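Same chain, two partners: chain A is paired with chain B first, then with chain C.
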Partner chain A sequence: MTTDTQHTTNPRDDNSPDTSPGSRTTPPTSRISGEPRRFRADVVLPRLIAPVVLAGILLAFSALSPVFFSSDNLLGVLNQAAILALVAIGMTVVVRAGGIDLSIGVALDLAALAAAAAIAGGYRPWVALTIGLAFGLTVGLVNAALIVLLRIPSFMATLSVWFIGTSVQQLLTGGGAPIYLQKSQVPDGFALWGNGAVLGIPIPLVFAVLVAAVVYLGLDRTRWGRELTATGEQRTASRISGKRVSWLAVSAYLLGAALAALGGVVLASRTYAFIPASGQLYVMDAIGAVFIGATLSRFGRASVPGTLVGVLIFALLANGMNLIGLSFFWQGLARGVALLVVLLLAILLTRTTRVPVIPPALRRLLAPSTARS
Partner chain B sequence: MSTTTAVPEARILKPLRRGAPRWLAWAGYGAVVLVVLIFAVSSSAFLTPGNISATLNQAAVFAVAGFGLAVVIITGGDDVVNGGIDLSVGAVAGLAGTVAAVAAGTGMQPPSAIALALLMSVAAGIINGSAVAIGLRPLLATLAMMGIAGSLNLVISGNVKVPLTGTTFEWLRDGRVAGLPVAVAVMLLAFAVVGLAMTRTTWGIRSYAVGQNPTAARVAGLNPVRYVFVSYIISAALAGVAGILLASRLSSAVPGLGDQILLDIVLVAFMSVVFSRRLVVSLGGTLVAALFVAALTNGFTLLGVASQWVGAAKGVLILVVLAVVAVRGRGTAR
Partner chain C sequence: MRGINKSFGAAHVLRDVSFSIHAGEVRGLVGENGAGKSTLIKILTGLYSADAGTIELEGEPVTISSPADAERLGIQVIHQDRHLAGRLTVAEQLYLGRSESRRGWVSRKALNRRAAEDLRRTVGLEVPPQLLVDELTVAEQQLLQIARAVLAKPRLLVLDEPTAPLAAAEVAQLFGTIQQLQEADVPIIYISHYLQELRQISGRVTVLRNGSNAGDVDLASTPDSPDSSDSSDSTDGLGKVIELMVGAAVEEFGPPRATRHPDRRSPALEVTGLAVPGALADLDLTVHSGEILGVTGLVGSGVDVLADAVTGNIAHAGHVRLHGQAIRSAHAFVRASGAYVPADRRKNGALVRNTVRENISLVTLRTLSSRLGVIHRRKEQHVAETFIRELDIRPARADAVAGSLSGGNQQKTVLARWLAAGSRFLVLDQPTSGVDVGSRAQIYTQISKLVDAGAGALLVTVDLEELVGLADRILVFHRGRVIAELSRGEASTDRILALASGTQQQAPDSISEPTSSLRTITREHV
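Right, the complex of A and B next:
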């Protein structure tokens, strides 16, 4: 509502300096400096779509189900979303570095497999965590080697790692048999990661929030993050300007795999089991969440806060549909439609909101030229 | 990025070749012959007519869907993240099979059931094409469609196997056209039609132009969006045909199969690079790649290798293919 009124009032004073031919040199500088009061509908509106859709989902399900907007349920949703958040944050780093990682589900699966097997074998929780992370990092290392050393496009490289990883998983589990842990035999230290709570906040959620904060600061507030972003967007320019593009890419794929591996360990701990190929479910949602989140950025850049909005959209959608009794069959449809709607609206608004802005500008542009001739 | 300095020099010396050694164009075929020979020597059943026919049958599904994906990649450009890709082919194929099975189960005539299934596929293709034409990345548009089609498949089938019976579908499974199994005949027909359309018609040549350099194509007066839009419809329609062939072969529509065949279709389409002289995605290459992958799967099964290894072998295959693409020297200056 507020955006509409702003957008009808502002374009006039927004465009008047641009179009007067005398002051042509001044407006570009002020536009680059990006003064906050300068409002451009085509820049701002598309960025509001994902939050608006999120709010719409919240409102709709609150109206449809009395349980939905209770603090217990919302905390449960956040807890459910924690693993997807971990995976999606890992994907954010990779996408920011200009790649994509389809094997992130394999990293998650192998980490869950290793952790579950270690616990089943009677190892201590920290050993299980270490082994799990090591398995996940191995996947990241393979990706990094393929992409950085062999210079294979990231999509295809990680796709083949997905193939190979699925095979490895089946070989390690004897044809894809799940590992179920006896609840009584699982050490508390391990069960805690997926099921414990600190001050009433579930531990997976604590993990997700901590990781989100650290990665956000890392990507947006450190030199590494700036260099990574530059490499992702202008690889050649970064290389020429002396950035270590290879190492930056390696760090992105390793971090992505490590976060997915952490998600895998949490998943194994939460479910007291390893179920083969459960990681693949997260890959597509993570990609969707990252690119929904990218609409929050003016440059279409993947960011941690944006990704979290995307994750919440998917998580609330799934939970709300469960609560109003729609079977899980419909959830893929809802997610696909949500993804399409958000992304398409972002593109359409970027285009069409220019239309109400341009006509007066055009008129003013035409007026002096006709007067001159 | 160490070869960036080498590539321009090579270009000056040999302006038309893009860094790939000449023998590489034949290495792919050599590998196929080698693998077939190994299987033929180690398993006496491999080259029997019955087994060859079964292998061709297996190849048909991946080949037909692969042709569609190849058209999308040719028209959209083969840069995967921003170029043409259709991740929804597997899900659309699965959906088409389910729609045909459910429609036939409710007593609809087989031709109209098939028509309905193909209509659904084309609808998915229109949505894909429109989203891409509006400006969505193909990767994301088709990812969303993959979720939607997969979900619709579950909703329509109720997540249970739907039997597909009837004389028409049995003919699709067991019948023969000119001595060939029907699926193989369909594969060859699709190859002939799409292959001729891509290489012998104005539309096909222009599609290649749009894929290789959209800016140049636009400057030359083409409307790239139109060709890209059509490519997604072709891809979805061929995926629908493949889905019906698959469901007929299995005598049922199995939910969840779409996700499994997606990887094979992507593999087949991208592997076609190895079988083309210029090392680009091509329809002939897709056909050879589909036959090769089917022969590999079949040969491994005959040799008694556990099915888990087949996936690993496919993964390694993609990597070999991509190493070849890397040799081609693409993407060095990005």
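Right, the complex of A and C next:
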């Protein structure tokens, strides 16, 4: 339809012989259809870094400590990591939606506070759980309103909520005094969530595994996950395709807060207490784990399996260092170095490709003024 | 500039282009989109380097390998898109990077006073110098940028579409400034689609087409064709310019198809009183089922926001209805069976970090998933493969990353998304810009097929051949308003270009008889 028209065209005098009147752009380049997929070192290798680092940590501590690679110890590590896993999976959803949630620790704290107070007030376990989740969801709702309605970049919005929420817990607890529950007054049904076990598997771990499976399927196998991902990466393109981008963002912040709140209830149950500002300990670990995990995706995309690798790296580092008798104060250093090693290696190995390790979500956060369209 | 060549990959963008300009001359540079004007200017300013050719400035051969080189040589360019730091004050922006800001202890007061004076003197702009650049209107920003260039005492000034955002009075002021510079012997390259302006300020016009010199036209001396009795006196050599610009024929679109007979009783898209501040004023239009309404206009004519407005993607006044349903959001537009192929393909069209499969199924996900929202992978794969085959998307792999495809294949992927969803109305904004000829033909085929089957389409394009080849009816926009409506038979690229560039002296409101009053420049007259 296009190529043979120069015969019928009235030839213009000023066309050089090699310029056909019709072809104003590139001549159709012939591309081989169905070209085979080749092994691309620069695409594949960066995605292996985090798992390799994880394996390295396992091997190193196994060699250094005789106890480390025992099933009891590893199960204990997993149990300890369960709450971080819940929080980090919540963060994964938010990052996938193109944002970040610095206030996720506040959701955890308020949930733990509400649950502990409910138990102390003699309410039943299920009521305590419901109240805890409701408090956590409130934080998510505030975030969603600030980000979606008022269009404040998520970094700033959740930072403000974190400041405010920290203060709120201190005010509610009379200046930050912990709430300790008497073991005798805690119903078994509540204590079970943090301390029980099913078939020898600690219940917090069961929660984490179930949540991980459901969120993984939700993000990677459902319409919601697909649309959430598209919105997080290219908001305008998703809106043009008819997606309800605002509702998708709301769902992400609510789910993130809900998962952190679940973590908070489990924490209160496990410790028989609410200790103010304990949620803050999880926030930075969760962000680190999500971005370590993002290196597992060829698009630098946050994913549940990747996040779990990040969580395990942090948890095993902490446990191993305890076992070989290193001071607690080395742990921050170890985490920072682990994060840097993974990100730097991934950046070095991807330098030749266009696929960035730093997800666009994170890059937008670093330049908040262009964060929204 | 002599014998300039430039290729990007297989695309030969400039072929042996030569260009010269004397001191004190204002030289027009024109050509259709994609003719190579921008590339030529980017070579001159060091943003690109030429593959072959030489550049001489005041007789001295020069090499320009970076924008810094160009700045040092005294080449000042006002680009079409403004490059201003919005968070600086007017005064800071005016002297940014110049000695005044390096002195360290400049008093703000003195700086502001000087800035106010310089702005008034050079471009007649009266704004408080302590305002932020962001607080200025687009026109004021444009003038600020010109003032900045003039203050640098340039040895060569390039203005790329400088008047697009300007109102008539500001244009007059700008021309005054240009005249001053001309008297100071500064050569000025003036790029504009507004051909009428060129006649006012420049003597000679250089025309580029398909990346080659199409010829120079002396606007002052080229006589009008003797038999053009019914053409207005104002055309001079402009007819010749248009002839040289358009050149290539419309036959790219193959044999003319049978004229469609759209169902006039069933409006698909109804737009009433549509207004977007600074872009569109009180627009009414209707697109019927079974017809393609083509819309065109230059930069600043408002067509660039039209597609976003009717698809519910930007705020606007007025009403839009699609298939009888009020459109207040992008979501509503898609629900009413609307499809939108946006102009910025990589940003707003394709999901570049997703697979072709995920791109194609994006709008169709609801039907491809179970009640719980779980996507049926096999169904999705099947849909993707069907449309990859239908549109010949290459590589023909559903799991290829969309961002790695060529422009044409990306665009076909975006189109496939809407075809898969069974959309019954298409809004196409520059659907084939940067698309190779082969993909272009396939895209046209798909559009025609859909419209022949009863869908309506709104085609916004600056590609006049595409417009004439595809559209059943054409609206030409000029500075926010429709200035002409042409039917398929009476539209030609020459004529549309003449209308769009404001060559025709016609009051915007007198469009009651488009067919009789718009006969000024047609091919027969040149």
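Methods note: the second predicted complex is superposed on the first by the 314 of 373 C-alpha atoms of A that agree within 3 Å, B and C clash if a C-alpha of one lies under 4 Å from a C-alpha of the other, contacts with A are read in each partner's own complex, and residues count from 1 in each chain.
Note that a residue touches a chain if its C-beta (ideal position, glycine included) is under 8 Å from a C-beta of that chain, and two chains touch if they have at least 3 such contacts.
Computed from a predicted model, the values in this text were never measured in an experiment.
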item	value
Touching partner for A:171 - first (chain B), second (chain C), both, neither	first
Chain B versus chain C as contact partner of A:343, first or second or both or neither	first
First, second, both or neither for A:161, with chain B first and chain C second	first
Touching partner for A:301 - first (chain B), second (chain C), both, neither	second
Which superposed partner A:223 touches (first chain B, second chain C, both, neither)	second
First, second, both or neither for A:335, with chain B first and chain C second	first
Partner chain(s) touched by A:240 [first = chain B, second = chain C, both, neither]	second
Those residues of chain A which chain B touches in one complex and chain C touches in the other	236, 239
In the complex, chain B residues that touch chain A	1, 79-81, 85, 127, 131, 134-137, 139-141, 143-148, 150-152, 154-155, 158-159, 259, 263, 266-267, 270, 306, 308-312, 314-316, 318-319, 322-323, 325-326, 331-334
Interface residues, chain C side, partner chain A - complex	9-11, 15, 34, 210, 212, 214-215, 247-249, 251-254, 311, 313, 330-331, 333-335, 340, 342, 347-354, 358, 361-363, 365-366, 368-369, 372-375, 394-397, 403, 406, 417, 434-441, 445
Sites on chain A touched by chain B in the complex	99-100, 146, 150-157, 159-168, 170-171, 175-176, 235-236, 239, 245-246, 280, 284, 287-288, 291, 327, 329-337, 339-340, 343-344, 347-348, 351
Complex contact set, residues of chain A against chain C	1-3, 5, 8-10, 12, 14-16, 19, 21-29, 31-35, 37, 217, 221-224, 226-227, 229-230, 233-234, 236-244, 299, 301, 354, 360
